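All chains are identified by letter, namely A, B, C, D and E, in their written order; residue positions are counted from 1 within each chain.
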């Protein structure tokens, strides 16, 4: 479905990604783990058109999307839930969801999808008229995901959805991710919480200082010593 | 009776401020730029209307539309050429550029036509009628209605339409807006087009109401409209109208009391007092920074 | 050529040209006054040069924009005196900007003529001494105010008068003061005195206030840009008493701004009337229109024009471009007849000339009477 | 137990209609390390903000070290010995790492504006002392090699550390840490735990800590307060909290508790 | 330690410039035109540097600096021209009056933020101007004639003192506190910095020096009028600071010198001067949005290796 072929990405003179390649197949949950500043978010931003790769290709459903503007990538079915939620704080929950469907015009379908979002996250239904800035962190994260679902994506990019969330919320979020996948959306998940991520993912990539250093099935990686030490330690 | 008359005077002055402040607040609300050139777009609008009516023989409405269209285009050009590059620069850099653009428009106009004023022809007969002993002119009723109608339309556009939601999204988080599939550049251009068209309309109406226009006419109403927008809570559309009214009435009352020389000072005193007690203006939500 | 003339302060490097400085408000808030003078002065310079110049020397204008700012006007005067070595400075339009140049003028022996600097302080300093190198083309403020007051009392039989003047201009303040003094001295009563600030556009609240005082005559010294609007708004507010002002009213724009009907029953004192059939005046009006896409000249244009001719006359009488001699010639001007009237200079460097009272009738300026000082 | 350092009595705050925190009661004794946990939006950060003077409580009394703190502004609170880090890092981005720490050291120095302007000896000795002490702190945190780097150029983990170093440079008695391990991987979190233990010893600190990483909280806190919807729902030792049904329902979820 | 040495080298260079200009003036090589140019430059440098402290260092968006210039100009002129006091004392009185005005303006407004603060300071400056406009004692709109007392020596040494004081202030714990306020007010407050105190202090110091500049200004131009102190004057000063680079002391000095010279040069093109000026402004901001110097100082350019920035000096 998605094929990234040795891309280089820069911020000014700083090179954040160095020849990164990866693949995501239809229906999979693929997770990307790595330390702070490894370049995970950078990769997602490049996929969703916020950044342009200097080198390399990105192929999505057989078409090249590298360097295309964000709106056409959204239109093609890639939806990105950015790091730190980034909900539109001064707008209501419902407005946020409507913006998720910004490029769509099929009213009936939109209404149906909204129902679906409210089914997955009942709390959002309760808060639909509340300004999203006053939601709690977990609720905002749900809203961000709901907003992305409203775009009816084929591929959902999630950037650290569990960051800063209470343990019970983390569980809910991960359950939801599996739910979304069941409904037919492919997911590329970036996580610090490697433990949880690997437990729901099919395959995984480990990224360090802008390079992919390891890849394999989630099971394999969970067993790898290197991963254990750096990303699963602690607990 | 004299006081009723003064109140009416104040409201009609306030509606002019409100009309200009609407465009100011609109642009500010979306890209947080104090567009100092707004007053000059207003001036260009007044001149376009003047030429349309006096030289090319157009009627009031065609002239108004023409002025709005030309100003919309001018606004978009200004944004694309002078402000777009600075979207990620500091606010103050954008402010300085806006001052530069303002001077450029003023003095380019003077370069091509001189600094002398021009007098608007009478296109709308200014009948007036009496009400409880006070005199109300048709023109001031027209201006008040135009301001309020425009306010409602703008409020509707910004809060109820898709493009309005896109504008608010862009204003809050440009990058997240792009992830929604919003074309940020176009959205900002549309904002400038609307704001500048409003300035153009205000210019024509100002010309008809006050007759005299000149290349530097935008400076003072520009600053006053800015004050009005801040008074009402900058970025808030009904706030611009409320701020304009407050400013107009305060100025009128001060003059009516015989302190016309202190009029502008009084306007600023009110501004400062309101800001001290309501640091985000009359309608501004006093949001404490969430830490 | 007078090669022997070792120009001390004047003359310029090139002996067959005469450098004349124009230190004017070409940008900033009163740019329209400065550019008005500039247009009139340049027309005169062109005419003189076409007619062979002064003693065969061409006049070269050196124009500097002082941005309507006294500090810039000082700097500009310094530049004219020291760098350009101008024979004389024409300008500035406002008294303040002219005063800013006066000390430079005295120091550098460069005569300064303010075409429209009507304030007494231009030629006489605080200690009452005459500023030797300062002159003006217009008459001084008090004279016009007196004429207007006499006219109100004697011709219009006004008793309860009101004053509405521009407080940001010392010109208007000077007129208002002289008017008030004369009215009170002659038994009239000033029932209200109000001010506005130049660049205002909305005068309704003060007019409403004035109306409630029921005056039978209102004196409005100021410039046409605001006065035009004031008259329009006053008539709309139902004030139908006679209105009067000074030479600042003189502009073809006045009729456009105020409207024909509103202008009925309004009068102003002026240097001249552009409607005056006098040959000299009509020649000027025609030439000006030809040079400025059919625009009729206003008072600033006329004063700028006259200033150049006055300077020419003085240089010719002095027989030299030496600053000191030109100054003496300017100071001894007597009965010089120009577009804005026949005038002489008194010992305080004030220009003594007659004033004309004009009346608007259906949008036309009509000669009413002439008052000699 | 040693002496009572902080006493929070019936403290509450509301924003418009929203009651963010109500009837909060807490006590902290000299030298304790206490956790404050709860679901998102429970009011933890808001409580910190009240403790540090950033928000004024609408009700209740906060007493620190025998002094009432309700109406103090943040800098006064800091001077009386409470200092903090922020949930979303708030370093002085354009200042160097060293200067960030010096800023916090500010209120411990005494040279006046005049002595600085006139460059009197007291200026030089004062500045030199600030520099010495600041470098000292940086060394403890292993940040001294980045001394002249701008704060914004530090890697994320280092920025978190610098925030703690900066908070310490104000020489507090009570240190408030708001999610210090957020965004850190297990390895980094582990290092952080050790660091917290170390500074607590070295500076004789009392620490109050907000954290969602249960490994960290349960691992180092002696007591834990649990907030939900602005209200205290539980209080006790990690063991008690782990098995408290209310906490499990509102916050932990089943698995973590087992 | 090195850095302070560099600083004194610059002071020495400045003194040499002073001596050369002074020699040229007293020997008659520089006429009034040049001496006036140099005095104007010095005045604008004082204005730029004093506003730099408020905006560049403390981050308070003040666009009403001309108000304090006006207070200094009028008060000092009253002391010399109307009361006959010696010029240096009058200068000081003007500066003190301006500093007091700064306190009066600063205490209520400095709790405002960003654009709200900007419009409030602009408003105060206008109020100050209108007050002078309505006081007949100082001539009202017609203005006040002032004795010509400013000399190159006065202008230069006041400018030098301004630069030294503000640079010394900036490079101390007090300046650091101001920069912390600029960077993050909440964090600064939480680190024990009395943010109100430092904001007001910076504002008062800035106003003090603007007042000094006002004294030099009024005694250099024979006449002062309220219209000279409108918001466009405030914008001129603001432009020096932003064009030079927010937070860069030397940047604001360089911009003040450059723009003064450009402005003078453009006098020869009255029809197009404002067009050219505004184009210069726009183009510089578009291509160097952080200003000519960014946050760097001239002293940084002659350094090897990385050093901290933001007005910091390690003595």
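FYI, a residue touches a chain if its C-beta (ideal position, glycine included) is under 8 Å from a C-beta of that chain, and two chains touch if they have at least 3 such contacts.
Just so you know, these numbers come straight off a predicted model, no measurement behind them.
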| item | value |
| --- | --- |
| Intersection of contact partners for subunit B and subunit C | E |
| Centroid-based (C-alpha) most distant chain relative to subunit D | C |
| Selected interface, C-E versus A-B, where C-beta contact pairs are more numerous | C-E |
| Centre-to-centre distance between subunit C and subunit A (centres being mean Cα positions), rounded to whole Å | 75 |
| Geometric centre distance via CA averages, subunit E-subunit D, whole Å | 40 |
| Distance between chain centroids, defined by C-alpha means - subunit B, subunit E (Å) | 32 |
| Interchain centroid distance [CA atoms averaged], subunit A/subunit E, Å | 51 |
| Per-residue overlap in subunit B, given as positions that touch at least 2 other chains | 107, 110, 261, 264, 291 |
| Set of subunit E residues in contact with two or more other chains | 133, 186, 271, 274 |
| Per-residue multi-chain contacts in subunit C, two or more chains | 26-27, 29, 167 |
| Contacting residues of subunit B [partner subunit C, same complex] | 2, 5-6, 9-10, 12-13, 16, 107, 110, 114-119, 121-122, 126, 128, 135, 137, 206, 210-212, 214, 216-217, 220, 251-253, 255-256, 258, 260-261, 263-264 |
| Subunit C-facing residues of subunit E, complex | 31-33, 36, 40, 133, 140-143, 145, 148, 217, 220-225, 227-228, 264, 267-268, 270-271, 273-274 |
| Touching residues (chain side subunit A, partner subunit B) in the complex | 48-50, 69-71, 74-75, 79-80, 82, 86-91, 95, 98-100, 102-103, 133, 147, 151 |
| Residues of subunit B touching subunit E in the complex | 28, 32, 34, 82, 85-86, 89-97, 99-104, 106-108, 110-111, 223, 226-227, 230, 234, 261-262, 264-265, 268-269, 271-272, 275-276, 279-281, 289, 291 |
| Footprint of subunit B on subunit E - complex, ascending | 55, 61, 108-109, 111-116, 118-120, 122-124, 126-127, 130-131, 133-134, 186, 231, 235, 238-239, 242-243, 246, 271-272, 274-275, 277-279, 281-282, 285-286, 289-291 |
